[in-house]
Amino acid sequence: MSSELRQRLFAELDSIRLIDPHSHIEPKSAASKSLADILGYHYYTELIHSAGMPRTEIEDPGLDPKEKVRRLVARIEPLRNTIQYSWLLELAREFFDFPADEHLTTSNWESLYDSAAKKMAQPDWEQQVLDRTKLDAVFLTNNFDDPLKGFDTKRYVPCLRTDDLVFHLAKPEIRQRLQQATNTEVLDLESLRHAIGRLFEHFTSKSARACAISLPPHFAPREPDRSAVRHSLGPVLKWDDSDIDSTLAEDRATIANFVFWTLAEYCAEFKLPFDLMIGVNRAVYPAGVYQGQDLYDSRVSLIQYKDLFNAFPQVTFPISVLASVTNQELVSYAWIFPNVVTNGHWWYSNTPAYIEHDAAARLEAVPQTKQIGYYSDAYKLEFCLPKFAMYKRILAKILAERFIIERGWSEQQAIDLGRRILRGNVESIFNMA
Amino acid sequence: MSSELRQRLFAELDSIRLIDPHSHIEPKSAASKSLADILGYHYYTELIHSAGMPRTEIEDPGLDPKEKVRRLVARIEPLRNTIQYSWLLELAREFFDFPADEHLTTSNWESLYDSAAKKMAQPDWEQQVLDRTKLDAVFLTNNFDDPLKGFDTKRYVPCLRTDDLVFHLAKPEIRQRLQQATNTEVLDLESLRHAIGRLFEHFTSKSARACAISLPPHFAPREPDRSAVRHSLGPVLKWDDSDIDSTLAEDRATIANFVFWTLAEYCAEFKLPFDLMIGVNRAVYPAGVYQGQDLYDSRVSLIQYKDLFNAFPQVTFPISVLASVTNQELVSYAWIFPNVVTNGHWWYSNTPAYIEHDAAARLEAVPQTKQIGYYSDAYKLEFCLPKFAMYKRILAKILAERFIIERGWSEQQAIDLGRRILRGNVESIFNMA
Amino acid sequence: MSSELRQRLFAELDSIRLIDPHSHIEPKSAASKSLADILGYHYYTELIHSAGMPRTEIEDPGLDPKEKVRRLVARIEPLRNTIQYSWLLELAREFFDFPADEHLTTSNWESLYDSAAKKMAQPDWEQQVLDRTKLDAVFLTNNFDDPLKGFDTKRYVPCLRTDDLVFHLAKPEIRQRLQQATNTEVLDLESLRHAIGRLFEHFTSKSARACAISLPPHFAPREPDRSAVRHSLGPVLKWDDSDIDSTLAEDRATIANFVFWTLAEYCAEFKLPFDLMIGVNRAVYPAGVYQGQDLYDSRVSLIQYKDLFNAFPQVTFPISVLASVTNQELVSYAWIFPNVVTNGHWWYSNTPAYIEHDAAARLEAVPQTKQIGYYSDAYKLEFCLPKFAMYKRILAKILAERFIIERGWSEQQAIDLGRRILRGNVESIFNMA
């Protein structure tokens, strides 16, 4: 039977030890301290807000964590159908012995809160979560000026996140941080380029395994025109904070393109893959909760990255797309360009119907060595388990139906493909060996 | 077994009494008078025309209804695969005892025609259809100058349709109707705004439950600039009919935006949801049959409505998208914006493959209180049964496979979710209690 | 059981004799001469290159066919998951007795190579392939100046391919070929139009059954302005080869539009269907292997062809779209426009997940007489078998699940629909009777 086959495959996939190639984990507080860290995940706050709870009640400053959880649970009923709510229940059951057939309600939240708090207070809680999740390593999202000190970079793998450098260099605060981090006065094209190089030195010396950035739908990088860059740098690098908005959008775009292209050049030099997360518009709903304001315009094409992919054949680009309608382009570009690799199922596409459609298309047409199956995108370690479990169930379904039943593969072949997608390619693509 | 489970779920969903939240039913002739009303539905005339029957043979003026049906049936064979044809057979079987294993052919159409005519002539035919369909109420699509008299507005719920006001105010005929309906001379911004307000007074006094509009793919509303509006009103409000085309497109667009925005303001004031049906291009095929001329450009994004959603947090926007490729944006916007609600499966997306893909994505990621499962869009009451039945079968499939089998839900939980999507949310979102 | 039903349906569909309505077969060397012709198919070279093999190793000039196969097999392991690799194994098993449970490896490739070479050397090999594939006829892709001599045009059906005429008329080499083929000096609008007419005379006299072209995403034909055409013809028709790039892009676009529109006029006059393959960008990855450089921008809409469809009601347009996200528009346009027909699953959409989604949507909403199920797009005859087999398996799945199980069709009805899609419509749409 297909459902038994799926369960057997899931069990095998679930036994694979993982490396999570993209997260927002804070390495010094990787695990949660209370259920407020769990329910404070933006998926819950934004969905509960969307279902009617005012932002002010959610983000009440100085709110006690327990009271915050109480308030959120009182409004969580409309989310019961969502896959995000299912992560919460699976997490609660797996880590905190929450009963299998219960919803989270105003009647039972407090005992869950207390039992979770007790477990989270155990000194080895972080290790318990890693063990239960079979997690060997987790990639981080580090600010460019992160000292990367005080944690094990083999377990928590640094990753140079560059959105601020590319899109906010006109902000004096960003430039100050850049100057401080690199001990370089940023005055012109050469010193800016030098400073960025220092970041790569620092990050690679700390075992960073990727450079990463999220990009708006309209972004279309091309080889910079140096004289245009010099011309635009003046207005962008001026230090008067109040004038940022008056900096010509065109100048800022010229510099964004230059910094982005420079990052790609350093990725080539330092042999770092460059994770591109393509398609997000920031602050579309500015009255939304924290991290619950971004949306997108699905009218984006990878043709916008044609020049980049051609100019940097030696750089691997693991690519995430925000909308499922862009996934077929991703499949096709990864099928043609040696340096384009498919990477996980991002954010608004990280729900089962889209994962299934998108992953099936990748598995059928992209070489098996060029697919990174999944990353958690999590802020707290506890979420890696239910999010990866969701993916593994879908992967088991695709392997069962589309490979074993429809194409006559053996179970072992299917499991081997799953292992490569889940683990092997993370090691090979990010040079983890 | 999954197929038995699906049947059980369908039976439960099928027992739910319905409110149809969008139709084109004429309340004073809600049910059909002959099979010509059924086969004259644009789905059949346009598909039969598409399959080769000349428009002139279909729209022959003064054609006898029976002869019209004879002609259409003679050319209907190419449609047998379509889901629209399956509505027809289901309707014929359910209402007119058409045999289960027959196609509609030149041999059997006449007996169906006659037996249908006999039933339709019964004085309680309309009530029979409502009872069999378990239909408590049906939303209408009323012209802005509809007196809304002579029918039970609890059963046939008025809905203020505003396409003409927004897009055709330059036509003297439209303005004349507006002036007459509101007893207001429309001379300037203030009087135009006042007249629109009178429409809301009239409609809400007659228990209207929504304002509605269909919108072309390029439409992108933003807060009006009052001085630009005043400047554009002159050319648009002039009364010389022959000059409409010479009215600058820019002026007309300025006024369209202003009227649209004004409608949203009144929706806030009168607490009416504003149904947006996004993405249709009118008269793409002008030689097509009546109502069979419209198509679309799927390159549309909900980012075009960003300003609107932000400006009117107190207005609920039930949104329909014409193309399935826009559905993921709809899911995401409904997940983030409290005032965005998913609404049915519209027109070219109202076929099983697209409904299944789109509904599954919504059920996984939009709070269950923010989804209106389905509306019939029907012109005649008899179509509510087969169209809702199609949806309920797909909903049963999604609930069986994606919730009960894959997520371990109980059947009761799944049925409760279905009930909410099908009925409960229509009542809560349109304030029907 | 659904899987037995699928197998029964597949067996029935597989017994249907085929006409392949689009290929790149060379009629005088239709079958392969060695396994190098098979592994040299761009799907393998581009995927193996994408997986890491340098282009220079693949396209080494003067490379011995056997050595080429050895090299490619040594790098083929990363492709094992792909559907393209499955075509290869199915082909090897069906034609060359390759064992059912083996992969193609460095250990077994040579014996396959040798046994294939032996079979391919048999004088009736081409006929063997046609028989085994149950292939009655194959459409070709002929250059406009192909003499169409020396082959049986009933078996290998000529098709006038027009990309060069439309997009490369500024190249002296193309115009020289046009002048030679038509014995016409091309000096102005009239002589250009005349020359194109001569091509139609030649092709139809040789039993051509279609005119065809592939089109970039930005193309949007409209009725030509004759004076603009005259104005642009001068720069485009000049004979200085070095100046092509300096020809204004606008002039070239004007002429492209004119030639395209003229082709449509001749399709009307000569009663030829005009195959449009919409959406490809050429040479996006210029460093790629031969035929492995093209990609696309999925932001394309059939609204761009509105004027064309309206202007030529008497021309049938079988349409292929490159991206699955355009498929719903194709379904809708074929549902409304009598002259729009759906045609196969092209290139990057020719993988199971996309075929299934796209074909299901077509089968539900496009009249059954207006759908051409599949074409091979093959360069060598041997590929028709596994490519059509893939499609027939998916078609069997859709018919089983969506028509027999969900809509209660009989198996015979489903098979009849499949037969029409696979064979009958090719005959009727291309006037093959």
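A, B and C label the chains in the order they appear, each numbered from 1.
Please note the rule applied: a residue touches a chain if its C-beta (ideal position, glycine included) is under 8 Å from a C-beta of that chain, and two chains touch if they have at least 3 such contacts.
Because the structure is predicted, anything quoted here is derived from the model rather than measured.
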item: Classification of the subunit A:subunit C interface as same or different, half of numbers criterion; value: different
item: Superposing rotation of subunit B relative to subunit C, computed on C-alpha atoms, to nearest 5°; value: 120
item: Separation of subunit A from subunit C, taking each centre as the mean of its C-alpha atoms, in whole Å; value: 39
item: Sites on subunit B at which at least two other chains make contact; value: 299, 325, 357
item: Contacting residues of subunit C [partner subunit B, same complex]; value: 299, 301-303, 306, 309-310, 313, 325-326, 328-329, 331-338, 357, 360-361, 363-370, 402-403, 405-407, 417
item: In the complex, subunit C residues that touch subunit A; value: 3, 46-47, 49-52, 78-84, 86, 281, 284-288, 292-299, 323-325, 348-349, 351-354, 357, 393, 397
